[in-house]
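First chain A sits with chain B, and in the next complex the same chain sits with chain C.
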Partner chain A sequence: MEKLSFVGRSLPRKDALIKAVGTAQYAADRDFAGLLHAAAVRSPRPRIKILSISDAKARLVPGYVTLVTYKDIKGVNKWPVVMQDYPFLPEKEARFAGETVALVVADSARAAKKAAALVELKYQELPFVEDPLQALKKDAVKIHGKDNVFSSFVIKKGSVDKAFANAAFTVEGEFSTNYQVHSYLETQGAIALPEADGGMTVHSSTQCPFYVLDAVAAALALPYHKVKILQTVTGGGFGGKEDVPALVASHAALCAAKTGRPVKLIYGRKEDFQSMSKRHPGWAKVAYAADAKGNLTACRVKYVLDGGAYSTLSAIVLWRGTVHAAGPYKIANVDIQTFAAATNKVPCGAFRGFGQPQICFAQESLIDELAEKAGLDPVQFRLKNLLEPGDKTVTGQKLNSSCGLKELVQAVRKRSGWDKKVNSLSVKGDIATGIGFSAAYYGVGLGAKGRYLDRAGALVNVYKDSSVAVNVGNAEMGQGALTVLAQITAETLNAPYESVRVEEVDSSKVPDSGPTVASRTTLMSGNAIIEAATPIRERVFKTAYDILIAEGADASKPMTAAGGVFSMGGKAVDFKKAVSGCWDRRLKMSEQGWYVAPRTTFKMEDGQGDAYVIYSYSADAAEVEVDLKTGVARVKKIWAAYDVGKIVNPKLAMGQAQGGILQGMSWAMYENLVYKNGIMVNPNFTDYVIATSADKPEYDITFIEKPYAEGPYKAKGMGEVPLIGVAPAVANAIRNACGARVRSVPLLPEKIWKELKKV
Partner chain B sequence: MISRNSKSFSLSCRVNGSELEREIPSSRSLLDFIREDLGLKGTKEGCGEGECGACMVLVDGLAVNSCLMMAVQLQGKELVTIEGIKGKDGGLHSLQKTFLAEGAVQCGFCTPGLIIASEALLRRKPDATLEDIKLELTGNLCRCTGYEKVLSAVEKARRK
Partner chain C sequence: MPEIIVKPASLKELWKTLPALGKARRYLAGGTDIVTADNAGAESSECWVDISDLPELGAIKETARALFIGSGVKISAIENSAPARRWCPALIAAIPHFASPSLRNMATLGGNAANGSPCADGVCALVAEGAFVHLAHNGKKRCLPLKDLFLGPKRTALEKDELITAFEVPKTKHFGAYLKLGPRAYFGISKAAVAVSLEMSGKTVKRASIALGSVAPVPFYAVKTSAWLAGKPLSSEVVLAAAALVMTEVSPITDSRSEADYRREMCGVLLERALKSVCR
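What follows is the complex of A and B.
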């Protein structure tokens, strides 16, 4: 393998300094002359017929400017996401409590909020549906189509009934998982600035600037070249800034278009809880069959996601969940049916893992139950059945050599002391200790259902002074994209890392590069940068060579390039001088790159095909303590191992791993969003609890890098992988500690306590 | 209808080392005063309800959620925001250095509040243990890092 100068090293994070000294400008921090402020008027009830909206009282608030309703929409009143059932602003009916029905514009944020509260919304309540399983029943109130089904998928292979009939061991269980709120520390926000030519520039906190572009252009009926989206420093995303920022930005843009002035719209935390996307609550009935030796023979899954009031991303979240629903195992007979149901609650969308964590919790819990029934150690059982290079997934996709799953399992087994701990019952007083395991895989990129969006662009510009500017279409949201992509640029050009600057996304500088999701940024934008930088590299290398020859270098030795320096036969020339030489020769020092993901396929009839371009893998072990008197569980330590291909920046990768694990643990243990009669009852961090510094477990993280030939410097994707397997590892550990099998996330003390009573 | 809110107050305090006198509406929250009136945008609003710690500042050396305090309560006191957190040489503060070195900054929105809270702890308890740090920072939510690198950054700053 080639020797690398910049890739694979823990180089300093590009955006850390401005964040640590407080000068980084997030959306709320940007100011403009003549700036107005918007606030949303929201539906108070789960489903209403809108009778009238009046600003008669709101007008009395000093600083009030105007009310914006659907009547102010110049374009088609359909937010372009996947199915286009969500209006920018509702006309006759609002479908969930918290939905924006109108906006108020005023000269300060305080005045806008005050006026919004005084807008009189007259409505008639309509019958609503709250529970996704009820929504799928024949007699349910219909809020979407004839059956309340946003989307549905199947994977069918072999003879499942026969396999179950002939099985030596079978297990079946029902599992459920609750919402997860992204809890990015920066709430949603955007600022829209009208341009003199009738265009609109929007500063947006977003993962997906091109979704914002689509939406703003649609809402304002503007051609794309008159709309520019500038991504602001983004204070966390985790999927929560995938689709919905486009709605927020469109609302700001509608207000700006109506008033002709810049308008800022920054969400408060409560409205962010009530109206922005969430991880879908999931319900699943899963069954596995195995032969007498403990080889998996069949899997049957029915999986339902609670989509909320509008479809947004439900279809593709469900699809990812469907493809991964059986777990990372060799199984010949499979019957998977999945549904995303419409309910009158907040629309759910992307959240790290994207439909996988819910079903992973179910199937990995059940794999433990099956191992137990077959009398096998859960790790031994997994090792018997896990996918290896050359094996086929349940969609019939043959895995290539970039699959280190069994090595991951062995690494976690060894590091956690599994063999010793799993069978040694440990109870001290009321505290029982246990250990649990899980394994998972993750299709990197958008896969077959999102393949038309799976491309990315890059613009690499090498200035006369040898500084390098890079524009990409995927966003930094905290994960470290600016840094990792700068490392890839530096490596490709042999430019000093310090000389490379990657900018936040400007939609006018690069073509639509799809969303910043699906752990695809390193792979897609990284490859686009390599494509853009390669011709420049050739010019720089050729010029460096010529300079070295001119300076009398011994040309019998090959030229080497490392760390920003070109060397040959005892002479050396640095990047700066080589670039200067390129400019003297009038060479082209700016290039566009474009990377298109390799072909993927998925047949709707039976779910067979090469669903994803490549998979990343994880293995987790969790050690927990359970208080046998109260049912309170505490996660002491998580051992994890990942195969995400080449690690571009080990320190950043470690940060992604630790953050992902804690987010997964927090969802597994604490996070409990509650709806009552169609109203969210705990939209705040006092009543919706997320893990704090005191809850943090000890982390033990191992990377096993199985190179992906197509990846930039052999990298795959890592962002989502660390979260997926945490919940089932914790649930399995609780079972191991005290015998309680809890089939519902979060694993609250009362649920554990209830199961303890049965033990 | 805004008569009560329009009452102004003559505030006299110190901000990041300088004397400040300012007429302010008596209803102004400290957070709005910092961000809007002083234009110091390094202090962030994460929840507005004292739950997340993103808006933490030092008032007479103690870490407070500025969204829960009124600006008038600053009368005669000393305010330090992230913009006033500096090393003795005027460069980076030791906490800022260790946050960078450890990789404790990801999305960065919680970072100013975390540095403020850590500074308050280390001023009060220079020999704070890891457990002290863990407990002290429970009022500062961070959704990116899993806290590991944050805790090690504070530990390393303590030793300097």
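What follows is the complex of A and C.
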């Protein structure tokens, strides 16, 4: 591999200082002259017919400015996201408790909240549907189309019935998983500023500025060139700032358009819980068949996601879940059917893993049960069946050489001491210890279902003082994009890392680069930067060479470029001087880059095709202690190994790995959002419990870098990978420790305790 | 948050100020319950009366017979108090389970008790310690056994404007334990908690006082189990029998935090473990 100066090194985060000292400007921190504040009026019930909305009492609040309803929408009242069934503001019917039905604008946030509470919403309750499995039944109340199905996919291959009939071993099980709340530190928020020419500038906490652009332009009926979206420093996203910030920003923009003044809309935590997207609850019935030697022969899956009241991203979340539903195995006969169901609850959307963790929990738990039936060690069983380079996935996609899955499994097996631990029962007093395993794969990028969005732009601009400004269309949300993309820029230009600055997204500087999701930013924006920077690189390198020759360098050996310095024949010239030379020659020092993902395919009839451009891989082993009397389980240690291609910044990759494991463990063990009669019971961090640092397991993390030829410096994608396999590894460890097989996430002590009574 | 927050400098000033304030007023001590409630939209006072720095509430005093813990003493100060460590072992055992270190720097036992929640860790431990609560309203003062302060979930015997001034814990040599089942390793509201205070005479229980959190409408004093244990040797049979008995005394519910059956059984498990820890 080529020698690299900046890529592959743990360089400091570009945003470390401003975040550490508190000067970072989040949406709520920004202020503007004449700023007004908005607050939402929300539906109190799961499904209502809106009869009237009156601000008669709200008007009495000092500082009250106006009420904004759907009547104030100049554009079409449809939020442009995928299926477009979600109105910006409802006209006749609100479909979940917490849905914004109107907005109040006032001269302070306090007055706006007070006035919003005084807006009188007259409504009639309508019959509603709460449970996704009930929603799919024929006699269910219909809230979406004829069947409450937002979307549905199949993958069909071979003869599944025959394979099950001929199998030596079969297993079947039903599994379920609950919501997960993104729990980003910064709640949703946006500020909209009306411009003199009738345009609108929006400051938005978002991971998808171009979704915000689509929505604001649609709501205000403005041409795109009159709308500018500036991403603010974003305090966490995890998928929760994919789609919904567009709704929040559109609401702020509607208020700003009506009042002609800047309007700030910052969510409180409770309303953020009640109305912003969540990880879909999942239900799955999975069955596997194997032959007498323990080779998987067939897989049958029915997988249902609870989409909530509007479809938003459910279709594509479901699609990713569908493609990965059988697990990372060679299986000839497959029958996968999946459904996203409509219910009168909060609309669910993107969350790290995007429809995969739910089904991975089901299928990886069941793989352990099948191994047990076949009399094989769970790791041995997996090794027999895992995908390798040259194998075909269930969609018929042939895997290339960038697939280190078996090596990952072997690494985790060895490092965790699996072979010794798995069969040694350990019970001390009331505490039993066990170990569990899982393996997973992850299609990087948007894949066939999102291929029209799978492109990204970059603007690289080298100033005459040699400082480098980079604009991209993908967002920093805490994951380290600014840093990793600066490293890629520095590497390509041979510019000092310190001289490169990557900015938060400005929609007017780069073309629509799709969403910052699907672990695609390093790959897509990284490649776009390389495309933009390459012609500049050629100019800088040529100029540096000429300067070196002019300074009398011995040209018998080639020029080398490393760490921002060009050297040849005993002479050296730095990047600054080379850039200065370029400017003297009036060379073009600013370029646009554009990267389009390679072609992917998916046939709707049978789900066959090259679903994703490339896959990342993971293996996890979890060691768990279970209190046999209380059912309380504690994850002591997680061994994990990842193949995410070349690691651009090892320290950031380690952070992603640890954060992903902890977030996955938190979902697996603790996080329990409760609905009762269509109302969210615990929309707060008192009763919606997430893991703290005291719950953190010990980590043992290994990277095995299988280079991806198309990737920037051979990188793939990493952000979501570490979360996916944690829950089943933990569930399998609990089973190994005490015999309790819990088939529903979160793996609460109450559930383990009930299972223990059966053991 | 209300429009008005007043902060009197002394008790005298407090009593003088109160009549002029809006009727929907509440005391603000550490703020760890009331501010959370406010954030959740469950607090609608017109006015908060900030008593967090009232000097009369802020001290721990020791007399010949009892320890007085001012209602405004921060939990972290109790943790660091030598007399509290000596005379309130169950309370001290509860403190690591009490919220988080940063909240312990804010929270007070007075606020914890006035909030009237059945899950309050500090209050549950103090009930087991056999504490009395001192109340004041203008010139009037009264004193109750702490367990009698609680009437139901979030309901107390406190009259309007009546203020908790201190908790009195009799100075007796005893063992204490506090075990809690929370939703995660630390910093969470209990599903069930058990506080035990035991006066021992050799291996025999002289006096037992058992209180439980989150398994009844109030911080629950287990009358039957406490009385049953008195005079018994602390053998494993007795421990198991006490654990079985306490399960019949509690009245847990199913809610978003846990389930009734589980909570009931956990009362037994926790009591068994707490008593065993004393045996050791």
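The working rule: the second predicted complex is superposed on the first by the 759 of 759 C-alpha atoms of A that agree within 3 Å, B and C clash if a C-alpha of one lies under 4 Å from a C-alpha of the other, contacts with A are read in each partner's own complex, and residues count from 1 in each chain.
To be clear about the criterion, a residue touches a chain if its C-beta (ideal position, glycine included) is under 8 Å from a C-beta of that chain, and two chains touch if they have at least 3 such contacts.
Quantities reported herein were computed from a predicted structural model and do not represent experimental measurements.
When chain A is checked against chain B and against chain C, the one touching more of its residues turns out to be B. Residue contacts after overlaying the shared chain place A:632 against chain C, while chain B stays out of touching range. Residue contacts after overlaying the shared chain place A:684 against chain B and chain C alike.
In the superposition on chain A, A:480 contacts chain B only, with no contact to chain C. Once the two complexes are laid over each other on the shared chain, residue contacts for A:750 go to chain C alone; chain B is not touched. Contacts of A:239 after superposition: neither chain B nor chain C is touched.
Within the superposed three-chain model, A:712 lies out of touch with both chain B and chain C [touch as defined at top]. Judged by the touch definition given at the top, the superposed model places A:62 against chain B, while chain C stays out of reach.
Contacts of A:269 after superposition on the shared chain: both chain B and chain C are touched. In the superposed model, A:25 makes contact with chain B only, not with chain C.
In the superposition on chain A, the residues of chain A touched by chain B in one structure and by chain C in the other are 268-269, 684, 686, 692, 694.
Interface residues of chain A facing chain B in the complex, by the touch rule stated above, are 10, 12-13, 15-26, 28-29, 31, 60-62, 110, 182-187, 233-238, 268-269, 477-480, 651-652, 654-655, 657-663, 684-686, 690, 692-694, 696, 699.
Note for the complex: chain A touches chain C at residues 268-270, 629-632, 634, 669-670, 672, 674, 681-684, 686-687, 689, 691-692, 694-695, 749-750, 753.
Only residues 1-2, 32, 39-49, 51-52, 54, 81-83, 85, 92, 96, 99-100, 103, 105-112, 115, 133-135, 137-151 of chain B touch chain A when the two sit together in their complex. Those residues of chain C that touch chain A in the complex are listed here as 36, 39-41, 181, 183-189, 191, 256-259, 262, 265-266, 269.
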